[in-house]
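Two complexes come next, and they have one chain in common, chain A, joined by chain B in the first and chain C in the second.
And then the complex of A and B:
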């Protein structure tokens, strides 16, 4: 009896969480006459909303832009972040504590604070309306370094010693020994970075005005707020297309994601 | 030719001296053991030879080549670690091969060496397993395999048996000794365990507080310790020490007098206190009516099966004696102990032996 109650509460919570999401997907298959209803099953299912969306906005191009930006940034954050993370975790050099402190302190700086200086820098460099403006400022990030650093600290020092005696260079130790052992941490940093970059709207709105360079969320925002989308069904179709890649990425990496939240290196 | 030379090597971390003026020549092919308590600098010394720690001053040479500033991978040394340090994502074979692959050795040669190591160490079925699926002893054998396939000039062992249980430790100790006899490679082995030190070493180096206390064969150190530290460190149970004075040709305290045989009298002038050292296994129970060196009362009798360790309280001192187990001795029983007069050790107030 107690158990049934427990599941009832959990079920309610799940419905609260899932319903808006399912409703959004359902609505994309509804004709405009049904769009306002709360039902999850369209009476007359249609793909018109999707057709209209693809016809009115360069969604395909925006999708490619988004993928390009998010994967480049994610790959770079992992590769470039691993090197300082390793150095902070396993190398002795003067000023190490200072560098670690500065990296930590950077977490306290809200991104809104650097928005304007960064924007004016991009304008001076003449990078407005280019991929560079979307990618370069984010190639490297402090939270990524710190998360990897924390995980690298769990990898025994003797493995570094053994690798050095085996004749590996420090860079090779990072990618040949630490990377295979740090997959959960890499997956976590990867997902967080990918999602963050994918969902970013504010920065692209500032530096990109040309439709062919816009990322998906930006295009979607411009498209719906600008009134170009028309009906609710079309707006939600665009939103649905936006979240698909994130769900796919998460589905692939969630095992590692959970692992990295739950535990350390085994073996 | 010397296998390894430490030429007045020093290691400092800031103001702290970890290793002070370490000077040692290890003859080619010798199994050398560095032994000492924790923090004595033995691991640091080993790691300096491996290139994993920098040297503050002095030079290190391997077969006459100065390697003081060479990278670890360029020194032609291989190391076995306390925690095995196997790459968890590689199989035993992957672990053993990696160092050879990085050195661009031909595949056929790698395969030959892996098979050779597998045979010597009995790795057969383990080769395709990952470390997580192996026991501690198996991991340590794989780690040794990784070291021997490199065919290095020097093997380094850093407390390799400390993580194993007592039985396995005994087996692996024998295996390491056998491996050295087979390969004859110069070896430096670090341990805090004096049984490993005594049984494995051809050359034994006792370290304390970053300084070499004595170098010699295990039996030299056992029979002629140059100071109280070495005397107390080598041999189990630990040597008994009693403080007193020299009067004439005898060692005396308030309660007892031990005459010294001619060979066991101080070779230099003694002023002040001295300490006499008696090994537990060189004390025996006095027979009825025999004049005993020490008299006292048994406090604890530890029966180990073949022998018994007697803890005897004698004139305020706790004395340990190793006696045969054939006699039942109960606590509180009065006993007399006889010391072999030719095996007595004598140390000055500074701890240095008075006999050499």
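And then the complex of A and C:
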């Protein structure tokens, strides 16, 4: 009896988290007359909301932009970020302590401090409305470098020495010896970076005004606020397009998402 | 080794160049811009302490800070209570644990923009789901986002819903360090579940609660997209957040110097909040 009550309460809590998403997806298939109802099954299912959405906003383009930006940033954070992480962990070079110190200090600086100067820099460089503005300021990522650095420190020095004796270059050691061993760290940094970039909305709102360069969260925001979306069903259709790929990926990689996104904090 | 020194510098150099351009210079620029009047088009004008004086008298900035306090006053207790309760539930011997955990974590991975658009619909006065449920229960509709006193708490509830899964995972990790023998010993002595919670679980989880609070404060000062989409900062500026205000000054009015001043002030205020929080926590620990 007590146990049944426990599961009832837990189930109600779970419904609070799932129902809004299910309702949202259901509403995108409802005609305007049904949009406000609580039901999850449309009486007269329709694709009109999606047709109207694609006709009114460059959603396909925005999804491609988002994918392009998030993929490029993630690849760069992993590939380029591995180099300083390796140098900090295994090479004794002048200024190493300083570079490590600045990287740690960066974690303490709130993003609000640098947001406006960065925006001014992008405007002065003439990068407004370009992919450069969305990608270049994020090519490296301090928490990412630190996490890879910490993981690289656990890889025994003897492996580096052996690889050097074999005549491997330092870059080959990073990608040929360290990467295969560092898969968990790479996955964590990759997931956190990809999700952070995919969901980011304030930065694109600052540096992109042209619809053809907008990322999907930005387009959703502008489309909803600008009134271009019209009915609720069309707004929610745009939101659904943005989140369904994430939900699908999450369904398969749930454990990795949770361990990466919540585990990173303790690191 | 000479070779190692030069290779190390070579491998780190792109990163050094990057953080100089995109972190160090912007931090220095923020401090310089405090003293400038600059619209990004005409050359900047030295403005002395005008921006600082303006900020100290700016009722809108004061309002934005007050709004953040309201947000945190709702968000932190709710977040701690819900995350802890659900973590304790998931820490028991239950079926489908990963399903429950995955469900509560789902909103964490979803874009804040999408969640905000969704909740704007849930909160809508006429057709919103919340009001429909209230109506079904015989309660009159509540103007969640258009009532000045309700709007910010409503946003805080939404953000709690979005983030709580993250904090559940932190509490679950913390609970692994609470030794089972503690509970067994207390159970033998006849302690009630509430006494066990009060005397064992809660004190042992204090570091996690501190972390949850710290992260919530940082998060609370970053609120932007929620009021931007839901209310535009209204009604009566009661949901104007500091970052939204900064965005409006920079993007809406091209007041770069003033926007940068807001950024610097925010960084200082956050640092002060976290410092005081740390002192308070340390004091409690000692007591």
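Keep in mind that, in the parts below, the second predicted complex is superposed on the first by the 231 of 267 C-alpha atoms of A that agree within 3 Å, B and C clash if a C-alpha of one lies under 4 Å from a C-alpha of the other, contacts with A are read in each partner's own complex, and residues count from 1 in each chain.
Just so it is clear, a contact is a pair of C-beta atoms (placed from the backbone, for glycine too) under 8 Å apart; a residue touches a chain by one contact, two chains touch by 3 or more.
Predicted model, so just to flag it, every value in this text is computed and none were measured.
Bringing the complexes onto one copy of chain A puts chain B beside chain C with no clash.
When the two complexes are overlaid on their common chain A, residue A:102 makes contact with chain C while staying clear of chain B.
In the superposition on chain A, A:41 contacts neither chain B nor chain C. Once the two complexes are laid over each other on the shared chain, residue contacts for A:177 go to chain B alone; chain C is not touched. Contacts of A:199 after superposition: chain C is touched, whereas chain B is not reached. By the touch criterion stated above, A:55 is placed in contact with neither chain B nor chain C.
Contacts of A:168 after superposition on the shared chain: chain B is touched, whereas chain C is not.
When the shared chain is aligned, no partner comes close enough to touch A:1: not chain B, not chain C.
Put simply, more of the residues of chain A are touched by C, taking chain B and chain C as the two choices. An angle of 100 degrees, to the nearest 10, separates chain B from chain C at the C-alpha centre of chain A in the overlay. No C-alpha atom of chain B lies closer than 5 Å to one of chain C in the superposed arrangement.
Contacts of chain A with chain B, set against its contacts with chain C after fitting on chain A, overlap at residues 265-266. Residue ranges on chain A touching chain C, taken from their complex, read 6-7, 9-10, 13-14, 16-18, 20-21, 23-24, 27, 35-36, 38, 80-81, 83-84, 86-88, 91-96, 99, 102-103, 106, 109-121, 123-124, 137, 139-140, 142, 145, 170-171, 174, 195, 198-199, 201-202, 205-206, 216-218, 220-221, 224-225, 232, 235-236, 238-239, 242-243, 246-247, 250, 254-255, 257-258, 261-263, 265-266. Chain B contributes residues 47, 50-52, 71-74, 77-79, 81-89, 98-99, 102-103, 130-132, 146 to its touches with chain A in the complex. Residues 156, 158-159, 161-168, 177, 180-181, 265-267 of chain A touch chain B in their complex. Residues of chain C touching chain A in their complex: 1, 4-9, 11-12, 14-16, 18-19, 21-27, 29-30, 33, 38, 40, 86, 89, 94, 98, 100-114, 117-122, 126-129, 132-133, 161, 165-166, 169-170, 173, 211, 215, 218, 221-222, 224-225, 228-229, 242-243, 246-247, 250-251, 256, 259-260, 262-264, 266-267, 270.
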